[in-house]
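Per-chain numbering from 1; labels A, B and C assigned in written order.
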Amino acid sequence: MDIFLQQIVNGLTIGSLYALVALGYTMVYGVMKLINFAHGDLVALSAFAGLTIYTSIFSNGGTSIVAVITVFLFTAMIIAVVGVLLERFAYKPLRTAPRLSAVVSALGAGLVIQNAIMLIWGPNMKIFPSDLFPSTVYDINGVVITFTQFMILGLSSILMIALYLFINKTKMGTAVRAVAINQDAAQLMGINVNKIIMIIFIIGSALGAVAGLFIGIYYRGITFDMGWMYGLNAFVAAIIGGIGNIPGAMFGGLVLGLFNALISGYISSAWAETFTFTLLIVVLIFRPTGILGETVAEKV
Amino acid sequence: MMSRTNIIALIFLIIMGLYPLFADSAWLAIGTTFLVFSVVAFSQDIILGRAGAFHMGHAAFFGMGAYTTAILNVNFGWTILATWAPAVLIPVIVSFIVISPIIHLRGDYLLVATIGINIIFLQILENDLFGLTGGPNGIFGIDVLKVFGYEFFEQTHMYYMSFILLGITLFIMKNLDSSKFGRAMFYVNKDDVAAQSMGINIRYYKMYAFAIGAGIAGAAGSMFAVQYSAVSPEAFDVLQSIMFFTIVLVGGSASLPGVIIGTFVMFVLPEIFREFETARYLIFGLAMIIMMILRPRGIWPVKFGNIPSFLKKGKK
Amino acid sequence: MSKYLLEIKNVSKFFAGLTAIDSLNLKVKKGQIYGIIGPNGAGKTTLFNCITGIYTPEKGEILWNGKDIKGVAPHKIAELGILRTFQTIRLFSEMSVAENIMSGRHIKSKQKWYNGIIHTPAYYKDEKYNWEKTGEYMELFGLSDYATTPTGDLSYGIQRKIEMARALAAEPKLLILDEPAAGLNENETQELAEIIRKIQAMETTVMMIEHNMDMVMNLCEYMTVINFGAWIYDGVAADVQNNPAVIEAYIGAEDED
């Protein structure tokens, strides 16, 4: 039972990270109907950028809350800028092109970011310092939660709630939803679609950046090509939840995180992806647009 | 009278036919792989460019052909010639089993599901599920083709075998395009609602595309295994699938010259720029973006209007 | 053999609680030109989508020669001989006119599965025959000059014709036209009416939705008027025009527009 509960905690931790990344995919997909294949590589870039900021600014050691907050804010800002540039140069010129052209452009952009990371930071694994967060461990009836896990769960929840409120309760959030439903109509109603798409990329990239930093802090080892696998898992999470649907991405992330942790805990991590994609395919067979996705009947 | 396209095709075939006379062994190997990859790209194009199914797991079918030949030859002592039929049939059968439950998925959902199939296939290879695939190292020591005591072991032999396979593939593509089946795929691709209202069974034609595509990819895989006399999992991972997918779109969906050009651009060019080593994939990624922006329908887009000449009266 | 080619019996179709079609009944005789009229949003296209298998109605029966075809897949409906055009033109727009019309020959073509890989003498015969048929339909609609032109490059009026030629190339028993005159000018509408008469002469039954009342009254032998998915009236042209319920429905609808 303890093992089970422990895997639940681990699963929720990974799941929160998937959810943060999945939100980036789902928001872009909701508005542009594009799988942003470069998103996972932005997450990886965030981990590397964060590491450099931390070591170069706070090289004399000693964690402070200020240091950690600075790293998170700076990195999120940088990644948000990269995300906006990505949209501006790789996707915007292709908005009216056949859909798959944008997919190829996204794959190309992913390749660019991945190889840029490799050229800047080298092909070998980099190790995150262990002192960003205190190494405090909480033991609740035999179930261990580290301070890092606690922060991941807490901050992810806060960010997701904030995003949910932003999308559903603010005027700009309403505009985002309007653009997702019908870009042309939204444009006619005076919504600046370009601005909304920019906001989507800022938010999505910043959330991905937070996830990237957490991945570095939690797993410590980071590689230039790690974005692909995290991205793919997060994208699967978004689809399981119902792509384009924000609560769906959160739900899908948590489901996939729990599922992964239980498979690794009870079966074998060597088959993790096989189980992940089997889950995805089974979900899609029964719910072709994901669990919370709407089944849209095509208008004839 | 030959059309411009046919003249270009003829020139291409002559150049490729004479290529081994001028190439050293390293470039001959690249030339052989180029031919094999073109075959795989054509088979990908049947599914993606013709039937319009977003399929990003084609390396799995390619790999199934390669591993079928490798396993039957190395583990069971079959001759290479004897492995050809199973190398084609097994991917076809597997495509029926794994694709038919997901064939109804729309666009991107199918794309991700097929990535999944590729990843599952790769984990089966790496984890050596049946003790046959040799795990992460793969299988080596694959025989050469022997027919009536004659051994085809030279690089040039490999090259011309691949050349013949490409010829057969082009023959099939031509036949497909001028049949009810090829046309039905286009109709499904361009407007599935209209297509089914014309009596076209969408499922059937998409599955047909997958089956033919898987079979041709399997044949190419068998050739690939013999060329390198070894197979290993990483040659058939999702990145390879992405390459085949990209080849079709960069070259031009459903365009025969387009796919050849796409294969050249995506496979041969990076080989030429191998000396730039580390930066080459960065430039390559940039090139993918720029190419799509400049030519969103591919370098050589398809032209429709493949109709008998007696119908082409007054051209307007 | 049923007396009617097509019978709609108590058909209802709901969308998320909304009633799109409300226990509708109608009967189409062989050889008729049958009109379905009613204000916008009355459920006319939904009815056509139910007949052609795109939607499955929740209630009722759709009898084709007396056999229920409710819930049958769209491609099988086409194989039975029910072909249609669309309110918003749905052509394979990058493909040539000839290739578009050839899609109508799909269900008539007898090519075997292996003909997609290798061609046989039977294939050549079949392929030639169907292209010739395609040529005949292009001729009939005056489209021969555009054989190789991508349909997307042609005018709206010509596109409408191609869509009809495509459906007709399948030699349907029942041709369903969804607002064939929409977007056409006076001359084109006139020409369309003549084509529809020709189609009738080819012993094809026609069902059509149309807002151009002159054309409907002129062409259709019998018609059903629906509003909010429900039957209002059916009868011959003269009766329909003078029926108070019909007039009411149309005037009521004008306010909404």
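Quick note on the criterion: a residue touches a chain if its C-beta (ideal position, glycine included) is under 8 Å from a C-beta of that chain, and two chains touch if they have at least 3 such contacts.
No experiment lies behind these values; they were computed from the predicted model shown.
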Far-end chain from subunit A, centres as C-alpha averages: C
Closest chain to the centre of mass proxy, which here is the mean CA position: B
CA centroid of subunit A to CA centroid of subunit C, Å: 48
Distance from the mean Cα position of subunit C to that of subunit B, given in whole angstrom: 40
Whole-Å separation of chain centres (CA-atom averages), subunit A against subunit B: 33
Junction residues of subunit A, two or more chains touched: 300
Where subunit B touches two or more other chains, by residue: 193
Where subunit C touches two or more other chains at once, by residue number: 54, 86
Contact set on subunit B toward subunit C in their complex: 172, 175-176, 178-184, 186-187, 190-191, 193-202, 208, 212, 304-308, 310-316
Residues of subunit B defined as touching subunit A within the complex: 54, 101-102, 104-109, 111-113, 115-117, 119-120, 123-124, 126-127, 193, 242, 245-246, 249-250, 253, 278-279, 281-282, 284-289, 292-293, 296-297
Complex contact set, residues of subunit A against subunit B: 29, 33, 35, 89-90, 93-94, 97-105, 107-112, 114-116, 118-119, 232, 235-236, 239, 243, 270-271, 273-274, 276-278, 280-281, 284-285, 288-289, 298, 300
Subunit C to subunit B touching residues, read off their complex: 52, 54, 73-75, 78-79, 83-84, 86, 90-96, 98-99, 102-104, 106-107, 109, 111, 113, 115-119, 123, 127-128, 131, 134-135, 138, 144-150, 166-167, 170
